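Shown below is the structure under consideration.
Each chain gets a letter, A, B, C and D, in the order it is written, and its residues are counted from 1.
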Amino acid sequence: MKPLRLILGALLLLVLTASFVPAQEPIRIGAILSVTGAASFLGEPEKNTILMLKDQINKAGGINGRPVEVIIEDSKSDETQAVLAAKKLVERDKVVAVIGPSTTGESMAVIPTMTQNKVMLISAAAGTGITLPVKERYWIFKTAQYDMSAVEAIYTTLKKKGIAKIGVITITTGYGDAGRKALHEMAPKYGITIVADERYGPKDADMTTQLTKIKAAGAQAVINWSVGPGQVVVTKNWHALKMGIPLYQSHGWGSKKNIELAGKAAEGVIAPLGRVVVWNKLPDNHVQKSLLKKFVTDYTARFKGEPGQFGAHTYDSMQMILEALKKVGPDRSKLRDYVENNLKKWPGAGGVYTMSPTDHCGLDKNAFEMVVVKNGDWMLLK
Amino acid sequence: MTREHGIALLILAALVLAIPSIVTDSYVMTLMIFSGINAIAAIGLCILMGSAGQVSLGQAGFYGIGAYASSVLSQSFGLPVPACMAGAAIVSALAAVILAVPSLRLKGHYLAVATLGFGEIVYIVLNEFGPGGPSGFGDIPPLSFAGVAITEPAHVAWTVWGFLLLVLVFSLNLLNARPGRALRALHGSETACSAMGLDIVRLKIKVFVLSAVYASIAGSLYAHYVTFISPSSFSFFHSVLLLMMVVLGGITTVWGGVIGAVIITLLPETLKSFEELDVLAYGLILTLSLLFLRRGIVPIVIDKFRTSERGHA
Amino acid sequence: MLDIRNITKVFGGLRALDDVSFSVPAQSVSALIGPNGAGKTTMMNIISGMFPPDEGSVSFNQDVISGLAPAAIARRGLSRTFQHLELFGEMTVLENVLVGRYIKSRSGFVASGLRLPSVRAEEKENRERSLDILASIGLAEKREERAANLPLGEQRILEIGRALATEPTLLLLDEPAAGLNIRETRDLGEMIVRLNADRGITILLVEHDMDLVMRISTAITVLNFGQKIASGKPSDIQRNPDVIAAYLGDEEPPC
Amino acid sequence: MTVFLQFLFSGLTVGSVYALIGMGFNIIYNATSIINLAQGEFVVIGGLLMWFFLESCNVPFFAAIGLSILSAGLIGLIMERLTIRPLRTNDLLVMTMVTIAVSIVMRGLLMFKFGKEPYSYAAFTEGDPLVIGGAVIQLQTFWVLGITAACILGLYAFFNLTMVGKAMRACSFDPTAASLVGIPVSRMIMFSFILSAVVGAVGGAAITPISLMEYDKGPMLAVKGFCAAIMGGLGRGRGAIVGGLTIGILESMTAGYLHSGLKDAVALVILLAILFFRPAGMFGNTTMQRLKGH
């Protein structure tokens, strides 16, 4: 009987002392990312970036002494799963804010949940519908540039080069579709005619047919809007066909992996890329340079590969939330107000943000640099 | 309907009524809602396969038609949600007739591929011509009845599981009456059925339509609950998922569809802790359950129960 | 009641039936016999519409039925059993008979699903009639048994019960005694006679058991290699030299 | 004309891969009547293993091909041993569902080992694309076509000239009779899995330099290959080839002359039309189908 009582006593003591130690309750941030499934190329760097920033802040002592915990839910690139994840994060885990989801569809799917529960969402997807109309998207922000901005960056270059007739080839996913709509919408403003509008599936093996059609239609440039293997296959086919017209890619092109996979076919491909991809080509006095340098070097040191455009999305959302937490503390509503009103000319990895009650994205076409592939590396297009 | 089915239904009804007091966590509630939605579609597939012996790899097509048709009707024409769901069910039924009339000449794998082709065509059409294209569209009116919106999770759960109960009662009634017996007979011997004067083709078309209507109801509920839909939720993978639910739960009874749907819906959530390996774990669990529970969970449990009962008597 | 006119059926190069004609008079117990491969089952399948004849016609109550689908023929009151049993093995004995009631009832999908009063009434009647049939064929006690679990003899009887549920005027029995022991065969014979006498059902029987055939049938047609070689009363058939020769060739003499 | 040729070449390239997958389906179907929906994963395994041996282990080209084939065959063997053999059921539906579950396991393993990004390696022969009638063909396309042709010939020779091949054919006609004359049917089933894994893997290795390969490409490939096999009539080698090429060319022509967004839909509609008019595929023998039963 005695030893048992002793153990019980010891346990009691342990429990008591444990509760006396000021073990700080962590601040919980949620994230819904397409870690697996069709959009996993987005979720992977986004997740890594968040993990890295979390460890960095905790190593530096957390937020006012409280550690930060990030609960990352894999949405499997599926809207139903994303909704489930949002409910779990908001109601069970009681997170202060949510980062993600990675795709427009999933973001749209979780908006009602976030709005009902009054929790800020900073999406990593580009779709305009995510933050517009702002009145109905009170709790929703995003760090991904509008597709419109990337299109404008491309069209500005085209106009400069005197190209007026283009062929468009897009992937039949939400990403490609959003790009396709933006390309059509902006074309008249820049005096550009789309002479061919082709599409392909995310797992298609050969796009020669579509490119041949574009060429036959008399296009002076090809614009491909996709992410994943498709953009490499298009590049290879474009190269093999010796089309004699330049190939432009979307901002999804910004991964060294693509140059590697396409080999010499990638030479001369032009794309509007975020500065995170070409940070070492920036002048030293650029506002984003130092933070990008640290971000990319840290990332590469910890994970193989680069964070790329998509890592930058969650880098910025995570930094915004952390900054707001430091300033106003873990209050869902105050965090939202801070992000909306206090981020002016705020340098991030994806660009320089200016948030306001009428703009919950805060980026424009200046977030992009036009970049050309040369000798297997990125070069700023002059 | 036999007494056992009646008792099971009563228990289920009691559980459904008690949902708000059992489930307080809205995340679990959401899981319940999705399970219920999947179960409605799975029951249709159960009757189609287990009773009439037809395989469909295109059930997600009807699910998608139900979701899109109902959403468009309610969003663009402002019709009340129940009317939209009924309208969507009619559209799905028509699609089912169009598919069934030529396909039912086909047997086994050929029929499977015809339904697969149908599902893919629906997916492509939604992708190309659906409102919002591949990106989908949102702001779909929420579930409502007589003008009162149903958005409270517990109320949505009641609605979904209420539909599920209705579908179950309807199905059990049907299966234990003239048409249902004919369907089960069809599974046993088509030769004998024709000698008994059964019009096999019409029966098959009707059961196909029935399964399409169930899938359509499920799709409509999904759309009005999530209020955002895109084609990716209605792809081939969802057809396979529904098939997996039915086979795992057991195709010989509609309860198999319900249990299978709940398990398949909950499984990925419980595997989250495996992180990177969750796909692998999911696949392994499916493989093992199919290997060891090949007749399906519900039939095996029922048999166990019956033998033990007999053992005691 | 049933008139078979010049039926020919060719499978590949084989003439399974070659210009066969005979008729089954109303209220009779007729039998179709012949050695293995004579074309008896082929004839049964043609009469019941499982496949069409190449030439010739089948008339039932003066209407040509050859070319109709099996289900359409069944709905005209011609039911059959199968040599290789075609029961609904996973369903209960009672349910098997209830399926037979299909064409005699009308509840559709929606009415049944909603269990409307009309459905309840019809179900009740179907159940009563089916139980009557089960009682008359001696399977009432096994009504909740799975059909596949019955012994062979009872399965054959259940097939007859199921056919009866369609309320036929003509019943085709394809080797009903195959695999039955002597006692079961005797019971079967008595049952067939009773059906014929009590319910007024005309019966056409294909059977190998000559004892049974000779005892119960009123008219017999004999096939050999697809051709009709004899027809007449049992006593005439037993004495017919062609028939004896045919069966001797088959090493299975009648009686 | 040039444009037409270009569409045709594109269709042939894609179609020959469908044909190879369709043949893989047929090999297993003939031995077991199972539709192996993990067939697409064999193709992915072929491509990714080839990359692994070539780029990661720096094995010379021919050795890499040999190793890939060997490993794929082994994976086919393991799949049969661990799932199909213990199952021993006549329930084709459960068997087919098991192949789906196995394909999920394979995807899980591939994701774990290779991650989610696409892989590629250099074409088998270096050099500029060939120009025929103004249309451009990548050299790798010839490899794909050549390998498909070699597989067709090889399989033909195997099934018609070797003892094992003849025994496998016997099993597909009538397993009971085959086992009566002393053919070990279960071993033939095992061979069929090995063979179909190898055929799939070879196709995967050949197509990767053109289309890239990633862990989750399998299901789409399986669906297309299945359609190819069905279009030609399940179980008919010749049928799968014609079916695969037909679908490939149809897709390419639709994309070229109609609209690229509709290419998959048009191919499917035509597949359905063929099925409705010839319920056992273009070369399927309806009576055979009826005799073989359900």
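General observations
Criterion: a residue touches a chain if its C-beta (ideal position, glycine included) is under 8 Å from a C-beta of that chain, and two chains touch if they have at least 3 such contacts.
Predicted model only: the values in this text are computed from it and were never measured.
Note on connectivity: the fewest chain-to-chain touch steps from chain A to chain C number 2.
When every chain is reduced to the mean of its C-alpha atoms, the one closest to the centre of the whole protein set is B. Here A-B and B-C were compared by C-beta pairs in contact; the pair with more is B-C. Using mean Cα coordinates as chain centres, the one most removed from chain B is C. Centroid to centroid, with C-alpha atoms defining each point, chain A and chain D lie 37 Å apart.
The geometric centre of chain C is 49 Å away from that of chain D, both derived from CA atoms. Work out the mean CA point of chain B and of chain C, and you get 41 Å between them. Residue positions of chain D with contacts to 2 or more other chains are 111, 261, 264. Across the assembly, chain A contributes 36, 38, 172 as residues in contact with two or more other chains. Contact of a single residue of chain B with at least two other chains is seen at positions 127-128, 278-279. Contact between chains, as defined at the top, is found for A-B, A-D, B-C, B-D.
Interface of chain B with chain A (complex): residues 25-27, 29-31, 34, 127-128, 133-136, 138, 151, 222, 226-230, 232-233, 268-269, 272, 275, 278-279. Contact residues on chain D toward chain B in their complex (touch as defined above): 35, 83, 86-87, 89, 91-94, 97-98, 100-109, 111-112, 219, 223, 226-227, 230, 234, 261-262, 264-265, 268-269, 271-272, 275-276, 279-281, 289, 294.
Residues of chain D that touch chain A in their complex: 3, 6-7, 9-11, 13-14, 17, 111, 115-120, 122, 129, 136, 138, 207, 210-212, 214, 216-217, 220-221, 252, 255-256, 259-261, 264.
Residues 36, 38, 73-74, 76-81, 83-84, 87-88, 91-92, 104-105, 108-109, 111-112, 116, 127, 129, 172-174, 176-178 of chain A touch chain B in their complex.
Against chain C, the residues of chain B that register as touching in their complex are 170-171, 173-174, 177-182, 184-185, 187-189, 191-200, 206, 210, 252.
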